[in-house]
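Presented sequentially are two complexes of subunit A, the first with subunit B as partner and the second with subunit C.
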Partner chain A sequence: MRRDRIATDSGRDVTVVSRNGAASARDAAAFSTRWSYARKRQLFLGALAAPALVYVLAVAVGPMVQGFLYSFDNYNLIRPGSRHFVGLDNYIALWRDPTARSAVINTFLFTFGAVTIEFVLGLGVALLMWRDDWFNRIALGLLLVPATVTPLVVGLVFKALLNPEYGMIGYALAESGLSGPRGLLAEPQRALATLVAIDAWEWTPLMALILLAGLKSLPIDILEAAAVDGATAPQRFRLVILPLLMPAAFLALILRMMDAFRVFDIIFVSTSGGPADATNTLMIYGVKQGLEFFNIGAASAVSTVIVVCILIMAAAFIAVLKPARNRHA
Partner chain B sequence: MPDRARLSLLARRFAICVVLVIALAPVVWLFSIAYKPTSDIFASPPTLLFSPTWDNFSSVFRYFNLGRLLESSLIIAIGSTALSLLIGVPAGYALARSTSPRAIWLAYFFLIIRTVPPIATLIPFYLLMRDIGLLGTWWAVIILNTALNSAFVVWMMFAFFRAAPASIEEAAMTDGCTDFGAFIQVALPTVVPGLIASAIFCVMFSWNDFLYAMFLTKADTKTISVALLSAYGTKDISWGTLGALAHFSTLPIVVMMIALNRYFVQGLTQGVH
Partner chain C sequence: MKPFIGRATALALGALASVSLSGAEAADKPYDGMTLNLASQNDQFAAVLAAIAPQFEALTGAKVNVDIMSYPELLTKITADYVGHTKGYDLATVDIVWSGQFAEAGYTVDLTDWIKRDAAEIKVDDIYPSLMASLGGYKGKQVAFPFAGYANVLAYRKDLYEAAGLKPPATMEEFVADALKLTDKSKKIYGFVANGQKGPAVAQDWMQYNRQFGGSILDKDGKPALNSPANIASVVAYKKLFDEAAPPGAADYDWGGREESFRQGLVANMQTWSIGAADYDNPKVSKIAGKAGIMLTPSAEGQPQEYGIGGWALGVNKDIDPKKQEAAWAFIKWVTSPAVHKELNLRGAGSYLRKSEMTDQELLAKYPFLPVIATSFEHGDGDFRPRIPQYPELQDLIGGAINAVLVGQADPKTAMDDIQAKAEALFK
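Up next, the complex of A and B:
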């Protein structure tokens, strides 16, 4: 903002120069102090930003780069002496390992399944609560409880509830024949879908909240105009609300996608990748490789793959965010 | 109010109540099993009614050094939150007030750091902590948590400071206030909700984390989340004990969120839009 002002000021200086030499000298002096002020200000702001930047580079980016380098090594902590450069071998092994390939597929299935369900349900809940009154304010506060429960505990709770013998949900499902005798989490075909449902329980409220904020920021006059013009409720939703909500919706979607992609806690405690690798995701696979088998090279290759996928999503996020910001400005 | 509108409002409220029951029932169940005798927890078919007992709480005190676990969790949560705010808030301000076109890219950089999967940093960081002898200390967890939390704080405070008008600070500086004074005395008081929201999220992330704490702490520095996981799976520990333990691990965060709900909601929406 300030830069713009300086730019226009100096632009005026230029026009003044051609008319009056004395005035231009004075303006140039003023301009140079202002320039040095701007420079001082930039230095001050830089000093404020530096600690966080240095810290994050050292503690988050540094290890990440280190991990990227490990991914080209044969490096196992059980035999640390035998560490040597192997080029792309870890990536090739990853590509050839059917367990890793199924982990990639599971991760994408989980991410898209969870985010789609959370979006549809979240939009439904947001539309239900789109009215600022005491009832909805209290409801919103309570609705966010699942998002604050330790994800680890969420996994444990649903593991217990889905137990076919003593769990309330599991028992009912097994008795009515909707699940096998060993429960949903023990069935290879349904375990992943069950985890998607658990994730949806935990994060739909958050999606609803973000979409609700989007709904509340819609221009009221346009909505009223549509109603006055006789548009029915479904028409208003499809032709007015949904298109206007798109930027907020897209941001919520990508944010949730980046989080769902690295899901770990609920899977780790409820199935830890089983049964028969049916719920094995990239994060589970990577943590097992690294912190159970101490195969640092392989684990680093897995995390590099995850980081690349997340960076692609982040790029999409920023691509959407930028024009959205400009439009508001 | 016409009857149809009243009816639709009632239907909507009813639907919201159904959603609330689905959202809250598992949480209520978790806390209720703490008061259930073990025989009732494993009853098949499951029972809804039971005679309440304190047994599960006494076994929590018998099997766990609860004071030490809470101390670890608190030190890690508070230490990381304080550090994250200390370095994150000034950076968020600087990026929001900077006129450089690079500022927005730096802000995105911090946002992306928050979304990096834990495993990408955890393994190299684990080896680093082992080499410099910090493995197994609170510091190891605090240092790593702070990297991710401060990145989140920068992004969130960036959004809050951008929404706050710069004109008051400019006026203060014209009146002879220093840059630093304008930041501390003028800008900071306008973003108190943002500071509270940032602190809530830092505390929540650190308190709820178990992957980092699981690998970076040892027996006498482990957090309550780690204890919860290690408790599960040993045969002396029942679901009831877990429910009782959850009173100390999960309930504080849930209560904090409900009490500070306004800031929680504001932080979430500000961070996105």
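Up next, the complex of A and C:
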């Protein structure tokens, strides 16, 4: 059947390929025309995609491979002559050096802390806003405001707000004894948690939005059937809504995890990785190595670790997501 | 449509006329049609520089694009440009502490011979030798030409000193005693503030106080001496000032936070770069207008009376062709010439260079603290932050260790011993 359609689409003077498979000379000609058309079409589509493909190879894949290769070298841009192969030294240093190790640990703590809080709060907000009325529509618009602010600005604003001497929040917290006199960002035990809270302030709405989109696409009839069958609200949530929401939830989780793992702006402008090593993360450490010391070998090792960690997280989510989608879609 | 056509014709005629005019003037403009790209640090001088650049074009024909960026962006962009030989920037502002790195890597043109050749035109004698030596000067080379000199000065609250019956401090010992006396935590008045935030912020401020306390980052042979008794004593003193006389939040202050606490009237003493001084008397941004004094920074008893200096120089990219290098050098000479440099400062650049500026009546009327800057430049020390190729790593080590001490995560001796070992590895 397909042969017929393609042949007709070509718009040439070719008759329909016989269905009983009789191989006349005319059929053979038609076949070759069709084949070359398909091939042309393939070439045409390939040519359309080529610029994008070349672009991605040149600006994403190429540098990534190059970075991976650099990560095995001692290579400093300021002293290019001293470049030499050091094997896994740059990776080993990431665990041996206490500052680098703190960066690895803090990155995981930040990511899991921020994403967990954002997911729980985001799910709550999404459920609250599920019903479609005018209040929720306005609230949804307002809720997205934090997500539209550049993280760098968020960092600067919160640094000023949390200042214990003249910041609106920081002054009140210090006076009431909730933060200690130095303020939340200058206390090693609380600085990372504070940054997690700032991240949650900015990105919970995005999480809520994705989850809300998931909720709105749930089939109403199943929910109604569950209600008719006498399922209580908690039962409906646990047994019907949550499993059906899984694809949207995983999408939201993976997007935020990838982003949180690369956190840089808010930390760079608010604590610069301090106090001591309390908020030092992989990106802060990597940027310092690469763009302050021009230590390309060490910076490439950090980038590679970040890429590998994100790939593992993405693969894990996709693996979990696939059966979920097959079951419920 | 008619009026439009009329206007269009007039415009076209005007354009033609200007083209023929510029053709006639081309002979007088040696760099006509040339464009110079200048990468500039986003300090007070940057906007003024961009505003004044068209005057250079009118004079020589060379258009100067001033690309203004933050400190890390500037360093990254110009280093990438130099390393990759991409000739993106013909000129760049060069921080005092980059001199050694630039000299070793040979990124910029060594201007020594040109300065000698054009000494009379430049009026070299009018430029403070301390600025010439430290802003771009390194081991006999001049990798950039001094452009914006800053002096480390002590900003203090005249009213608080008067109320307490104290005289402004003449020595570091008096400074510490005054800071402690002027602190009244119940009234939220603090005697001292400095940068405490991890990284360059705390490193640079501590290095300044360290010099005044009698410490030194490098020993006589130019090797790191971070755990010397004098340096450890100065870390102890710095922490004491933070614990007993500074706003508690100062442990996370960078330059912005520190300046803001002074302008908000929380603090009696703050050492700072002279560039911010003009703001304290501006009631729009300051609660202490008319109450702030600017004076020389004190040194510990028995220490030489020297003052910390910093600032920016202008460097010429070594990769660009000779004709462009010549135009870039012409721009440097023009922008640092007495008349143009004075004009920059009248417009608020806060970037001093010449002795003649310090006695200029117009400038003095606007900035009465110039004599303090003049004395600081005359006895300036530009090496309290070592201008060596290893500076970025050294600054990072110091910035991490001092911040850890301030927030109680390390004791001074252990912290300094630890970074001394790491610093030694950088010099192998």
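Quick note on the criterion: the second predicted complex is superposed on the first by the 278 of 329 C-alpha atoms of A that agree within 3 Å, B and C clash if a C-alpha of one lies under 4 Å from a C-alpha of the other, contacts with A are read in each partner's own complex, and residues count from 1 in each chain.
Heads up, the rule we're going with is that a residue touches a chain if its C-beta (ideal position, glycine included) is under 8 Å from a C-beta of that chain, and two chains touch if they have at least 3 such contacts.
None of these values were measured; they are calculated from a predicted model.
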| item | value |
| --- | --- |
| Overlay on subunit A: subunit C relative to subunit B, clash or fit | clash |
| First, second, both or neither for A:Tyr166, with subunit B first and subunit C second | both |
| Touched partner set for A:Ile318, first subunit B, second subunit C, both or neither | first |
| Subunit C versus subunit B, contacts on subunit A by residue | B |
| Touched partner set for A:Leu209, first subunit B, second subunit C, both or neither | first |
| Touched partner set for A:Ile92, first subunit B, second subunit C, both or neither | neither |
| Subunit B versus subunit C as contact partner of A:Lys288, first or second or both or neither | second |
| Touched partner set for A:Ala52, first subunit B, second subunit C, both or neither | first |
| Partner chain(s) touched by A:Val125 [first = subunit B, second = subunit C, both, neither] | first |
| Selected from 80-88, 116-124 or 188-196: the stretch of subunit C that, after superposition, runs into subunit B | 80-88 |
| Doubly contacted residues of subunit A, that is, touched by subunit B and again by subunit C | 165-166, 291 |
| Subunit C residues touching subunit A - in the complex, by the definition given at the top | 72, 75-76, 79, 83, 101, 104-105, 188, 196-199, 201, 247-249, 251-252, 254, 257, 260-261, 264, 266, 389, 392-393, 396, 400, 403-404, 406-410 |
| Complex contacts: residues of subunit A adjacent to subunit B | 1-4, 38, 40-42, 44-46, 48-53, 55-56, 59-64, 66-67, 70, 125, 128-129, 135-136, 139-146, 148-154, 156-158, 160-161, 165-168, 171, 175, 201, 205-206, 209-210, 213-214, 217, 248, 251-252, 255, 258-259, 261-262, 264-265, 269, 283, 286-287, 290-291, 296, 299-300, 302-304, 306-307, 310-311, 314, 318, 321 |
| Complex contact set, residues of subunit B against subunit A | 12-13, 15-16, 19-20, 22-24, 26-27, 29-30, 33, 41-46, 87-88, 90-91, 93-95, 97-100, 106, 108, 110-113, 115-128, 143-144, 146-148, 150-151, 154, 166, 179-180, 183, 204, 207-208, 210-211, 215, 225, 228-229, 232, 239, 242, 246, 249-250, 253-254, 256-258, 261, 264-265, 268-269, 272-273 |
| Complex interface listing, subunit A residues touching subunit C | 77-80, 99, 159, 163-166, 170, 174, 181-183, 185-188, 270-277, 288, 291-294 |
